[in-house]
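A, B, C, D, E and F label the chains in the order they appear, each numbered from 1.
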Amino acid sequence: MRSKQYPLYVGRFQPVHNGHIHAIRHVVSIHDGIIIAVGSSLTSHDKDNPFTFGERLQMLHLALAEAGIGLEKTVITGVPDIPYAHFLWVRLVEAMCPPFKLVYTNQPFTGRLFKEAGYEVRPIPFLERERYSGAEIRRRIILGVDWSQLVPASVYEYLVSIGGAERIRSLASSDEAV
Amino acid sequence: MRSKQYPLYVGRFQPVHNGHIHAIRHVVSIHDGIIIAVGSSLTSHDKDNPFTFGERLQMLHLALAEAGIGLEKTVITGVPDIPYAHFLWVRLVEAMCPPFKLVYTNQPFTGRLFKEAGYEVRPIPFLERERYSGAEIRRRIILGVDWSQLVPASVYEYLVSIGGAERIRSLASSDEAV
Amino acid sequence: MRSKQYPLYVGRFQPVHNGHIHAIRHVVSIHDGIIIAVGSSLTSHDKDNPFTFGERLQMLHLALAEAGIGLEKTVITGVPDIPYAHFLWVRLVEAMCPPFKLVYTNQPFTGRLFKEAGYEVRPIPFLERERYSGAEIRRRIILGVDWSQLVPASVYEYLVSIGGAERIRSLASSDEAV
Amino acid sequence: MRSKQYPLYVGRFQPVHNGHIHAIRHVVSIHDGIIIAVGSSLTSHDKDNPFTFGERLQMLHLALAEAGIGLEKTVITGVPDIPYAHFLWVRLVEAMCPPFKLVYTNQPFTGRLFKEAGYEVRPIPFLERERYSGAEIRRRIILGVDWSQLVPASVYEYLVSIGGAERIRSLASSDEAV
Amino acid sequence: MRSKQYPLYVGRFQPVHNGHIHAIRHVVSIHDGIIIAVGSSLTSHDKDNPFTFGERLQMLHLALAEAGIGLEKTVITGVPDIPYAHFLWVRLVEAMCPPFKLVYTNQPFTGRLFKEAGYEVRPIPFLERERYSGAEIRRRIILGVDWSQLVPASVYEYLVSIGGAERIRSLASSDEAV
Amino acid sequence: MRSKQYPLYVGRFQPVHNGHIHAIRHVVSIHDGIIIAVGSSLTSHDKDNPFTFGERLQMLHLALAEAGIGLEKTVITGVPDIPYAHFLWVRLVEAMCPPFKLVYTNQPFTGRLFKEAGYEVRPIPFLERERYSGAEIRRRIILGVDWSQLVPASVYEYLVSIGGAERIRSLASSDEAV
């Protein structure tokens, strides 16, 4: 892990979906491995961030196993938000990860912060972005539209077992109520 | 990972040493796997907490590989401190981990917090506690006494490569200076 | 207070109004007493949270006296928000209150958090919710519509004495300006 | 409560003891009532601050009832610490309390902060300070010396019921262990 | 500086523009000098607060030099936000500045907080407010409309040198993407 | 200021003394100017950090004027502490200052953090360090020993005018009392 340096991939994984696994497979096919940084790691139970870090960690383990991507090719870490003082965030990522030089992200703000700090930033070939996004999955769950094909089977089963859809709907209705 | 629930093992891993690996091996020999929670995850660069979470994650990966303990038997996570409001800490651990019912710790304060929250807490058979402790290793490094036998070979090599001993000595002298 | 356990009632009380007193009277009529938790206790001087905890405490004392509800039947406490890490909030409420098993709330998000933590959650029979709500009172104040009948007389008198309506209008106009 | 302004009395109440009740009785005998501010309200489970705000609130209610001091003469509130930025603390107290002009305290630092902010500060006649102090009670508990006479009977009974002495000893030994 | 007390002028300076310099010149023409407090000092890299305190400090130094306003007539300081607990903010400003009695601001919320704390608050004669505002400058940059005439020449040159316009556009597009 | 880059000098200035002015004169004699970063900017009213940033800013302005060092050669800024997560601190300094490449400090911990981040760090020739240090001045004030010769005359006069010595003694006795 020391001699071979892995690139960084940042996501919020709310929840883990097929687009994430597609991206991880893409990175792992090019490099020896991948650092998976779970962003907003301390945030949960709000409309856009329903799941805890522990739950997202479970989903990642399940999805990686299902995809046949060995854990020995991954380093999984969590990075909390730093509200307002965004200029500190890249330094925080550096402290929560093994060293890296290359960052994979399609998020413009994340990309900008890493570019300002001198990192090489590369986009990830999207897997039908309109469908495979956390926002789309949460939207479907709120509307009661089928979303089972957008996430790995093991993640779907897990979310059913913890009442994930019910939580998302409940958080959404709360937001409206407030 | 969902059907088989792992017990929790909390440590600060400043640095990872043979006592940690002994404990992890003990837990894994009894249970199917282990949740390794790295405490004080956001703290580094002070005398008692010299290394970042990223560095401690690297040491854990190296030491587990050296010990032949497969990553698929582990879930590694980080938990920051909550200064003062210690009553929140167990809830934070719960949010950063997969579900668990059993906690392995020899630290009385950690044990007390989990017991008050209703968890079963078990001690870990120590491996010569006077020698295999982070405090002892940091003490030896400051005094210039040999410490290479207290940590896995791969961790020793890693700490040499990042100038870990120099950092510990520097932080200790700073504390004296202030 | 120890032998007889009170149920919890959470509100923001911005400001205290007749609906709150109606709810407190309802709970006290069924149980021996009530724990009144003032939420967002550290928040004030924003459009939706104009009053400090000290001011809300005064309104509660005045309104309870006016309603003839003795303080010995109440435990009044304050609970700050925990932005983002909502999973910690129930544990914080527990630490700020005497023990309780039952929670009265009509707020879906509050209810969900307590239900996930294993509490019994009951709704409160509303007193004409469209009229008796903090949001409606603040809306009327901003628009210059009469609101005096929506709060206890002593609370109305108190709010006049501290320039409460002027503060609400001023905070609302500030928000527009920014 | 509005027309008659109460003086402020600040304490940490770790735990409530006879000295506190003596002080409260003294203030109430001179003035119409008292604002009791529980300091370090968010701190608990450390050696010097073993009990939560909820637990301290319960002790205060019990001890006031035992002393025959009616709740209608008191306003009880909590004030968290503001680490480092101590200059903000008086303003925080102001926001958490009804208005006051007079502060009773024997703590020099607390007194200084209120004096710098323009308040009148008066000392409280001590009730044998060496015996009636939270530090002395915690010291006796750790040493296994009898402390039952230093607190109101109802507080003693309450602390026994929640295992308070055991918690204090456990926190003390933890501190030594770390 | 001690004998002659300066009035306070608060702004966010995102970026420094001709309206700010107009206001500073106005205050300095009436009084001996001015305390310039840079608000939201720890916030940067968001759509409404693109620049760090260090960058805003540079812009102020450049613009004051260009305007021929000597630094010896100014005291420049930074004040971070205190989210939610707005009642603490005036006290924070007091701690970050030399003593003052008079506050110049056109911002209603800022004015209200200072008035509640007993300060005299005066408005500043605007220099064509629709044009000379940070929001207008950021809007023009996002839309690609010329903004060079709204800021001092030295500030324009500085912003070009650090890629300021590109940063603003990038932050704006990120916000849309999220 | 942009074309000519100043070196950084970090201090806590509790209070400003002749050693600081000696150091600033040294740096200014070699370079075009100096960035003076006031550390622990949000900390005050504790034994080791008695004065607010506003007060320290005043002392710096007075001492620089007395020493004949023009403000146009200085950029004065404040940097708060980041408890625990020390690895973020250098990034915070960068955000609070104009760009710099060279750091003057005699503090080993400060020096280490900047060296790890790639900065050149140089020591400052001390002016009789045993005498000219904030700790020594605070010690003398507590003991009632003459300290007037250790600070610039204008700083001495200022500290007398705000009751600085009394505050330091009061904070020291408070610490003992707690």
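Everything below uses one rule, namely that contacts are C-beta pairs under 8 Å (C-beta built on N, C-alpha and C of every residue); 3 or more make two chains touch, one makes a residue touch a chain.
On a predicted model such as this, the values are computed, not experimentally measured, just so you know.
Listed by label, the chains that touch chain B and also chain E are A, C, D, F.
Taking each chain's centre as the mean of its CA atoms, B is the chain most distant from chain E. Residues touching across the chain E and chain F pair largely coincide in numbering: over half of the numbers involved belong to both copies.
Remark: chain C and chain E have CA centroids separated by 37 Å (rounded to whole angstrom). Centres computed as Cα averages put chain A at a distance of 46 Å from chain D. Averaged Cα coordinates give chain A a centre that lies 43 Å from the centre of chain F. Residue positions 42, 44, 52, 83, 85, 87, 94-95 of chain B each touch two or more of the other chains.
Chain contacts in this assembly follow no simple pattern; the graph is neither a line, a ring, a star nor complete.
You'll find the chains touch as A-B, A-C, A-E, A-F, B-C, B-D, B-F, C-D, C-E, D-E, D-F, E-F. Across the interface of their complex, chain C is touched by residues 83-87, 107-109, 112-113, 116 of chain E. Interface residues of chain B facing chain C in the complex, by the touch rule stated above, are 85, 87-88, 90-92, 94-95.
Taken together, the chain F residues at the contact with chain E in this complex read 1-2, 41-42, 44, 52-55, 57-58, 61-62, 65, 70-72, 75-78, 80, 94-99, 158, 161.
Contacts from chain E toward chain A in the complex involve residues 40, 42-46, 49, 52, 81, 83, 167, 170-171, 173-175, 177-178.
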